[in-house]
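This is the structure, below, for whatever I ask next.
The chains carry the letters A, B, C and D, assigned in the order they are written, with residues numbered from 1 in each.
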Amino acid sequence: MTSKITIDPITRLEGHGKISIFLDDAGAVEDCYFQIPELRGFEQFVVGRPIEELPRIVTRICGVCPASHHMASAKAVDGCFGNTVAPLAHKLRDMYYNAHFVHSHTAHFYALAAPDFVLGPDADPAVRNILGVVAKVGLEIGGKVIRVRGLAQEAQRIIGGRNTQDIWCIPGGVYKGLKPEELEQIKPWVDEFYDFAQFSLQLFRDVVLGNPGYVDLIVNGPYTLDVHNMGLVDENNAPNFYDGKVRVVDYEGKEIHKYEPKQYAEYVAEHVEPWTYLKFPYLKKRGWKGFVEGIDSSLYCATPLARLNVADRMATPKAQEGFEEMYRTVGGHPCKALLVQHWARLVEMVQNAETLQAYCADPEITGDHVRMVDLPITGEGVGIVEAMRGTLTHHYTCDDNGICTSANLIVGTTNNNAPIQMVTKKVAQALIKPGVEPDQGILNMVEMAFRAFDPCYSCATHSLGKMPLEAAFYQKGELVKTIKRNC
Amino acid sequence: MEEHKIGVYVCMCGTNIAKVVDCDDVVRTASEQPGVVCAKTYKYMCSNPGQEMIVADIKEQGLDRVVVAACSPRMHEPTFRKALQTAGINPYFLEMANIREQCSWVHDDKQVATEKARALTLGAMRRVANHQPLERMSVEMCPDALVIGGGVCGMTAALELADGGNRVHLVERESTLGGNVARVDLTAPYLDSARDLMSSLVTRVEEHKRVDVLTRSQVSSLEGFVGNFTATVETIWGDSASVSQFKVGNVVVATGYKEFDASRVTYYGYGKLPNVITSFEFEKMLRAGRVQMKDGKLPQYIALIHCVGSRSKEFHTYCSRVCCMTALKYAQEVKSAIPSCYVSDVYIDMHAFGKGHEDFYRRGSEAKTLFLMYGKNDHPVIRKAGPGDDCDMLIEVNEKLSGETIEIPADLVILMVGMEAREDSEAVARLVNISRDKDGWFIESHPKLDPVATTTDGIYIAGACAAPKDIPDSVAQARAAAGRILARTIRGVIDIDAVFAEVTEDKCSGCRICNELCPYSAISYDADKKKSSVISALCKACGACVAGCPSGAIAARHFTDAQIFAQIEGVLA
Amino acid sequence: MADKLQIAIYWGAGCGGCDVSLLDTNEFILDVAAVADIRLWPIAVDGKYKDLEAMEDGELDLAAFNGAVRNSENEHIARLLRRKSKIMLAYGSCAYMGGIPGLANLTSREKIFETAYLKNASIEWGNGVVPQPESAVNGKTLDLPRFYRRVYRLSAVVDVDYFLPGCPPQPEQVKAALLAVVKGELPPKGSVVGAFEHALCEDCPRTKNEKKIKKFYRPWQVAADPDTCLLEQGVLCAGVATRSGCGVRCPKSGIPCRGCYGPAAGVVDQGAKLASAIASIVDSKDPEEIEGILAGLPDFTGFAYRYGVPASLLQRSYRQ
Amino acid sequence: MSFEPKIVGFLCNWCSYTGADLAGTSRIHYAPNVRIIRVMCTARIDPTFVMKALTDGADGVLICGCHPGDCHYSEGNYKMMRRYPLLKQMLADFGIEPARVRLEWVSASEGQRFADVVNDMTQRVRELGPSPVRTALIQDMAER
């Protein structure tokens, strides 16, 4: 008979993730399911709303990366108004969005990823959190983290009037421009962001690369998948978070697709399974082939690492240096080692900071023509941006009165739903062996598999943060053992 | 919410209610409700024994809320409120359920009617539990009055008030008092001289120590409310102007009328034919004592044409009331001025309703005046006479009584122009916050029962500013208005109904939605505080601002949300 | 440890923005950590569901619940937290009023599933699968929480002591509210905390005049004057009917208020009140003209109840 | 037994409530389904009242005021006239049949008209059947 391990508290605690591992009689992992138990139905309940309001509604898909949804939505709405946008508005939105990346990447790296590396996978769970990190690296650095994240939020507020939840975009542009005095306020912060990004890279080198155990775990651990990569790139195939074409590259570096956002439906489709509320996107032209790896697989990742994997280069010089160093260290471009995500994230942060510096130096940035007024309604638009956690697609249609008639959303984490399924199962199978008593550490390893994706189950119904695990072992329906661990 | 001791009284109204509604059953369900101390039926709750029963219960059982299920509150609410007062509790602790007019009298199925009566009573019970004690407020009443308009009406009102002992500010825009009456010669029907009437009036006014006359003046603003207005008046001195400000308790608007502009009527050739003139131009001649044609010759034929601008679809549909008698007056004055002159009187109907008017009409027809009746939509036609004729003009009239077309000679044609509202009546209405009808006349609070009061407390209208009137009617109204004011000022204070809207200042966000909603301008906005507030003395409790306030900052006393919600729950329970 | 405050922070059907609003108190969060044990906070700190169940009833001093109640699981945790905590705080507009997810109450569960899984531009053709509360896969049974017919506000499923409005609550207000708990200076049960009694306009810098509206404009149709009341310019703004406390961020940036802080104190139904006020100042006495002017307000319901359909008197759509 | 709707009637004190009284004094019989709540003027009627009545179990809501131009407060009924279309739209958005709510002008002298309005409205709501609100809210509870 089959016994079932339910890593259930994830569900209860996060409300948004649940792993069920099925063992065969021998006690080997037979099956493993990562379930997303939540759905909110945005795609339906935005129907009937005035289309211009959607950027202020869909931000509630995720309060951790609301700016991503705000921007993707704004661009989809632009499409419904003939894509006529004040050029300066595009610049300001991009500027704003890069500031948002600084905030989000900082939060993720220090609050979520760092505890593992800074404190070590087997440190006392009670302190394995941002507060623990602060304790370890010292209040000075801790203060720095808190300060930078705070300033990145504040920078958004100054540029766009508000951060969480964003309100700023309007058909044809943005509600408010950037005043010279506001720019002066932001400038010094932006330089701080740059220094901080470099500082974080150094911390990574010292703490992670300085520890052979980690490097081995990252490069040779079970944390690899033979699936493809997706990301948004500019005309030079460098990563762009706000605008560009979607590029899909296989794990050997060969380009599979490169398409305009409005063509997304020709290239991506979503598969549904009855046991999870979350859908499974795949490459449409290849068709749904199930949860399989391989060069012919129709599955892909859309993550910070995937973004760098589909890119030929970074868009800014210092980021380019980080890009080269990273791939040199992990054995070439592209890279399949999922734990490299954390590093990729920091490389991106450098580009964010450099981009911000460039905008601060742009004499036009404080201009006042930031919106078009009373544009004609054309009725359909697709907006694609890179959310922190992957390629984010919003597709709307509206009637002649500008009332939303349909909305389709493929959010960052959803792209990675299938890979997360697979890597979880893969790791579980690699670690939970007959006769081997699964312990806290094993569950941690299992968890690290999907944590690498920084899965955002609010954007696909959200969970940010470390997933405390608990395994309940059942033999013939009897609870024989429980293992708890607190990350 | 604190527990109450509620008494429920179901009236049988003889058999009016009892024959359809099972009153005992209503009492039974009522007594099962929380807080109900006693529930009773009685044959006639409004009768003395009925009321005494309620009073006794309140005193003995310490009731603090009372529901009377009986007839319409419009009938007996005051009665039962008095009962509560007699028993020593706040009269507003009463609520009535209308189980007669709106139940037993309109339904016959006993069971269904009883069920409805139960629901209505329950609604009243839930509501009354939310009632709050209300006190009538009273405010100081300033005895001084403002009279706008120095005509016969305004002067009469001013004198009446001043003689009553109050100070009066009489504001006249012209340089002299007298108004339109000062422009006429004799008055119908007794032919006494208007000049004499006026001069005595004017002298008395000017000499009265309590009347302060402001000629060449206009009221530029009137702030406040009944008993407490502040009036600002601008007076022109040559090319300079001075401003005076004073407090008044009440205002009489006596701004009068203006005569209809005859040039709007094209078909009588006024302005083209030199000898076609208006009644007021003729009055001038009479006052000057020289009735003559343009070229100075004495007219041999004079024609009077009635209803110029009045009683017609294209101008004014109403009758101006004074023209008929004025025309008869002219006939007689002409006769005495130029005995040889033939007078023809061309009319639609002869309106001689006033005291002595019919006799005056008879006398007029005895003195040979030729009366010709024309149809409303078939007006006479005037043309220049030919060289052969012995007159200046010829008038063709389709005479209704004879049915023949008659041509009459005329050297002088007098158009009896009607009255119309002054062009500044709208501005005046806005100034004192009263309304005007479709013709621009000011609207009284009730056309029959309250003809000189208006919907704005403390503002009275008298004379021809409310509708065309002759001198006696205007004078009567002037005295009526003055009487109303004297009666109210004599107490020195005025009561303000306890039911009005009030703003909770902390909750008011100063959004100013309510400012436009009040028909009585009872809401004032304090620009410094950024808050709106209700002037309770002006509020008539309609509740428009209460429902309109988006932040629930305005409450309607005795019609609060809580009270109405409770009643909704009750009738549906 | 025991003398430290015991706190739990949890999210139901929310977006995480409320949790971010806590992070946005920046250094303050360290002060909180100094005086309190955060026993449960999925976003940043670890805690265990089993521990939660193991706790004594009332062992927690404060449970801050953000997000709405969308499925059986949300309700389950809400009830558990209520039992374990002395103070239950509805944190943010979703817990307070149902929030944006509450807009789902204007449509139906059936339509939501149909749109999400059966008909949208990128759904796998001909698959026709819809998630089930219970499903058998390779002979194994997997279950999912039941997706309720509608969304509930927290107070509809458990007894709530305090309400902290905002989408998300503004950090200053969050600090104020937490400090009140720390100091034990608590208002009467049922109070709205971290916000004012009055409506937004009092704190809005735009100048206000008497209002009469002949024509309504969508925000993108006009370049509204930055210094005068948006409503006076015909741009629908919910500020008049919305509790202040957000710092007027939206109108200050030229964006009409959408009411995330909920109705002003004492108002039962935010949308109905807004309707009553807005309609009252329509400048016409002619029924047809009135309808014409009001036609300038498409989806008024979705606007007036943007954050509070589940908290409205009618609560949800009754369309058959 | 056939369905008998519960209807809440909000009547202005000066015209319609007096009109209803007149129907009484004239002994004009009409359907017993309307429970009348008196307000000073229709301008006092907040859409909240109507929604409250519907959630508390009313199958219909009748609002009566003075004819346009005849308002005791000169313009109160126009405020209701303006709120009415917006209220109806909102109810429609909540899936409530528009015919369940009705605004009528009834003067103090129109006792017969009041009776006719009540009869007609009662008949229409009877045809619509019970309000969906109560039943749906009960179903919701059952689901949890």
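The rule we apply is simple: a residue touches a chain if its C-beta (ideal position, glycine included) is under 8 Å from a C-beta of that chain, and two chains touch if they have at least 3 such contacts.
None of these values were measured; they are calculated from a predicted model.
Of all chains displayed, C has the C-alpha centre closest to the centre of the whole protein C-alpha set. Per-pair tallies of C-beta contacts place A-C first. With centres defined as mean CA coordinates, chain C is found 25 Å away from chain A.
In whole angstrom, the spacing between the mean C-alpha positions of chain A and chain B is 74.
One inter-chain figure worth recording: chain C and chain D are separated by 32 Å, centre to centre, where each centre is the mean of the chain's CA atoms.
Rounded to whole angstrom, the centroid-to-centroid distance between chain B and chain C, based on C-alpha atoms, equals 53 Å. Looking at chain C, one finds that residues 106, 268, 273, 276, 278, 280, 299, 302 touch two or more other chains.
Residue numbers of chain D whose C-beta contacts span two or more other chains: 46, 48, 52, 75, 79, 83. Chain contacts in this assembly follow no simple pattern; the graph is neither a line, a ring, a star nor complete.
Residue ranges on chain C touching chain D, taken from their complex, read 72, 75, 106, 146, 148-150, 157, 268-269, 271-273, 275-276, 278-280, 282, 284-285, 287, 290-291, 294, 297, 299-302, 304, 312-320. Contacts from chain C toward chain A in the complex involve residues 10-21, 23-24, 26-27, 29-30, 33, 40, 42-50, 52, 67, 70-71, 73-74, 76-77, 99-101, 103-104, 106-107, 111-112, 114-117, 120-125, 127, 129-132, 135, 137-140, 142, 144-145, 147, 167-168, 218-223, 249-250, 252-255, 258, 298-299, 302-303, 306. Looking at the complex, you find that chain A touches chain C at residues 2, 4, 8-9, 11-15, 20, 22, 31, 33, 35, 37-41, 43-50, 52-53, 56-57, 59-64, 66, 81, 107, 111, 125-126, 128-131, 134, 143, 146-147, 149-150, 153, 157, 160-165, 167-168, 170-172, 175-176, 264-265, 268-277, 279, 281, 284, 288, 371, 373-375, 395, 401-403, 406, 408, 410, 458, 462-466, 468, 470, 482, 484, 486-487.
Considering their complex, residues 6, 8, 13, 17-18, 20-21, 23-25, 27-30, 32, 35-41, 43-46, 48-49, 52-53, 56-58, 72-76, 79, 83, 115 of chain D touch chain B. Contact residues of chain D toward chain C in the complex are 46-48, 51-52, 54-55, 68, 75, 78-79, 81-83, 85-87, 89-90, 93-96, 132-133, 136-137, 139-140, 143-144.
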